[in-house]
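Quick heads-up: structures coming right below.
Next come two complexes, and both contain chain A; in the first it sits with chain B, in the second with chain C.
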Partner chain A sequence: MIRTAWLVLKKDLTVEVRSLEIAYTTLFFAISCVLFFAFALVKEGKAPEDGAAGILWIAIAFGGTLALGRTFERERQSETLRALLMAPAARPAIYVGKLLGIVALLVAAEIVLVPLVAFLFQAPLLSHPFWLSAVLLTGTIGFAAVGTLFSAMLVRARSRDVLLPVLLYPITVPVIIAGVRATAALLQPDVELALVRFWVALLIALDAVFVTLALWTFEPLMTD
Partner chain B sequence: MIPLDFEDLTADEVSRHFGRRRALSRISFQTRKGSILGLLGPNGAGKSTMLAVLATLLRPSSGAVRYGTHTAAASGATLRSRIGILGHDLFLYPELTARENLAFFAGLYGAADPQKAADAALEHSGLADRADDPVASFSRGMRQRVALERALIHGPRLVLLDEPFTGLDDASTAALVARLQGLRESDAIVVLATHDLDLAEGLLDTALFLRDGRLAEAVARPDSLRSTYRTIMRRST
Partner chain C sequence: MPKWFLPLVAVAAVMFAASPFLIANAPYEATMGLVQKIFYYHLPSAWVFLLSAIVCGIASARFLFGGSPRQDRLAYAAAELTVLFGAIVLVTGPLWARKAWGVWWQWDVRLTSSLMGWMVAWAYLLVRKYGGPGSDKLAAGLALFGMANVPFVYISVNYWRTIHPATSVVPTLPVDMGLALWFAVACFLLLFVLLLRLRVYLEEQRARLDALYLSLDE
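The block that comes next holds the complex of A and B.
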């Protein structure tokens, strides 16, 4: 399973490095979101309290939705999904490979987004880099775990581009809320690390639930 | 993974419905190793659906497919390691080179040395000199040759081919016919869906004529395929 997941991840990253299609669109869309909110909300150099946390996660969720939509669409275009499903590997390994690819891509986008949001919203996002990384990584895994499953499920649906966010956002609301609250906690002048730890623990629990459910349902969903 | 093998393939009253549309209706046949079975019929006859069922990509709505004594439900991934499929779409990543595509699939099928397997496949396809070019830059015929090698890279017992002659020039067609005969000699079970009766002539051990998802007739060692096809299709309307 690990070998198959690694092969799928390596293949996805190679294809992405060659085309940069998902990276560019995700990043462009996410940066646009941040800029729009910055122009709308930042007045005379002052941003609303906790605004940076919300804007960061909105940008990740919107950009991530674009990336999720494309990851299986690419497999559909040349019908390579059928070839992947024909491989004598446990089908959940394909899911894991795809999930890791999306997480890697979103983490790369976050590396650009975090300093941008910190600069535009004058937010001390980088003052606790370890905890911020933990929050972003666990939140991204939870969001991508649900999104990768739905993206695979909708690959044959004609209105998949509309259905993906409609299905994805309500289910991932707990992840986004936990991510926003944890990030907001890190922006306080006196950071309460116990609170941050609580949100990170909650995110880890949500990740475990979402990934387990996705691994359990991926095979039957993809068989027909 | 425990190696699994089988010597015959049996479809027993296989039906497949998509909603209210009946794509396959009670198809039965048996074929053995070292033989080529042709699925012949007009568009929409159910050839590709039958291949997808045999490939374990679709579950039959009723009936069963048996691979020797094994079934897809019971043997799943292990069974798929013995099946190779060349679909109407080629199952290749256009951004990757021919070598990368073949090495990726060799790896997925558990090859000990995927690069070596890819190199051998490239030699077979006659495309070793274009190995490091992206597949997107290949002609349809060249892609078809790479796709055939992808389907065969793990030495499958059951080879499923959907319109494998599409886009091939005369030389490549002759090479493919020789390859299929080689597969028969190496005891593979080949199932070939095609419209091209002229190319299938003399190649098939058994021809199944499908129409509207039904088996119109099965003919062993068919000769003069075109006239047989016309007669059967006229009779089944």
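The block that comes next holds the complex of A and C.
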């Protein structure tokens, strides 16, 4: 099972590294989002309070939606989805492989986005690197866990581009709220680590719920 | 339709007509006065809203793992009722909040999670309507996530210190208030069962019509 997940991940990353299609488009889109908010909100070098936290997560969510839509679209276009599903591999392993691929991609995007947001919004985002990466990683896993499941399910549906955000955003609201609140807590002049720890614990709990539900439902949803 | 349906509609109509009198007779709450009366419809509709999300989730799980179209029709009907009763909760809540807290809306955990549950039910209906073939399974997967949110809505007020009253308020109500409340709860539960049955019946007729068309084509 772990081996299958690793093979799916390796395959996805190889395809991605060769073209860099999703990485570039996602990153470009996310950066455009951040720039738009910077134009709109930063006045005379002053950003609104907690703005940086919100905008960082909006950029991740929007960019993530784009990346999620593309990963399975690529399988569909090259007609490899059927091959993937016909392979003698456990469905949950395929899901885990895909999920890790998305998380890796989004983490790569975050490595660029965090300094950009910190620079444009003059936010001390990098003052607690350990906690910030914990918040970003747990938040990204929660968002991607639901997103991978739904984008896989939507591959065969009509108007899938419209439906992915419709499905994804209501369910990932708690992840985004926890992520934004934790990041905002990290931006305070004197950081209350207990508060950050609480939000990270909530994110871990949400991750556990979402990943369990997704692993449970991936098999019947991908069979027909 | 089953035989019990029409008599129960009459019972529900009488009960709904009687409930305002019971509510009017219940004593005034000390600090909020008249505006607290909205509670007698707000709380029952909230319970039915959560119950309906659970019905939708369980029926969806059974559809997903068992494949029975009956469960799918039940889930679809429950999702629509989740939207309906959620709308009642989300209208009566702010009306009450405006007077009791001074604001229409507060981003507190219970309000946020209720709104989220309501949006999941909307998303379910949108997928069913615009998703095309295969969207029934897709929506069923969504309903499971919607059901996972329900316990969160329920316990949120006890774990987080929020502005919304906790669940422990209900057993401590004075007798007159409790009577009006439980009567309203019975009204809403009955209404839920009736609407659910009616909606499932409509879906059954649709399925039969589809089957007839199919057999005509062959």
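Please note the rule applied: the second predicted complex is superposed on the first by the 224 of 224 C-alpha atoms of A that agree within 3 Å, B and C clash if a C-alpha of one lies under 4 Å from a C-alpha of the other, contacts with A are read in each partner's own complex, and residues count from 1 in each chain.
Basically, a contact is a pair of C-beta atoms (placed from the backbone, for glycine too) under 8 Å apart; a residue touches a chain by one contact, two chains touch by 3 or more.
All values derive from a computational prediction rather than experimental measurement.
K.L.:
For A:159, decide between first (touching chain B), second (touching chain C), both and neither.
P.N.:
So A:159 only meets chain C here.
K.L.:
After lining up the shared chain so the two structures overlap, which partner does A:220 touch, if you call chain B first and chain C second: first, second, both or neither?
P.N.:
A:220: touches chain C, not chain B.
K.L.:
Please indicate which partner A:209 is in contact with in the superposed arrangement: first for chain B, second for chain C, both, or neither.
P.N.:
A:209 sits against chain C, while chain B stays out of touch.
K.L.:
Looking at A:7, would you say it contacts chain B, chain C, both, or neither? Reply first, second, both or neither.
P.N.:
first
K.L.:
First (chain B), second (chain C), both or neither: which does A:89 touch?
P.N.:
first
K.L.:
Just to be sure I read the superposition right, which of the two partners does A:167 touch: chain B = first, chain C = second, or both, or neither?
P.N.:
second
K.L.:
Go through the superposed model and pick first if A:41 touches only chain B, second if only chain C, both, or neither.
P.N.:
In the superposed model, A:41 contacts neither chain B nor chain C.
K.L.:
Across the two complexes, what residues of chain A are contacted by chain B and by chain C?
P.N.:
Touching chain B and chain C on chain A: residues 224.
K.L.:
State the interface residues of chain A toward chain C in the complex, per the touch definition above.
P.N.:
Its residues touching chain C are 146, 149-150, 153-154, 156-159, 162-163, 166-167, 169-171, 173-174, 177, 209-210, 213, 217, 220-221, 224.
K.L.:
Mind listing the chain B positions that touch chain A in their complex?
P.N.:
Residues in contact with chain A: 1, 55-59, 77-81, 83, 85, 87, 89-96, 100, 104-105, 107-110, 134, 150.
K.L.:
Provide the residue numbers of chain C that touch chain A in the complex, in ascending order.
P.N.:
That would be residues 64-65, 112-113, 116, 119-120, 122-123, 126-127, 130-135, 137-138, 141-142, 144-146, 148, 152 of chain C.
K.L.:
Can you list the residues on chain A that touch chain B in the complex?
P.N.:
3-4, 7, 11, 14-15, 18-19, 78-80, 82-91, 223-224
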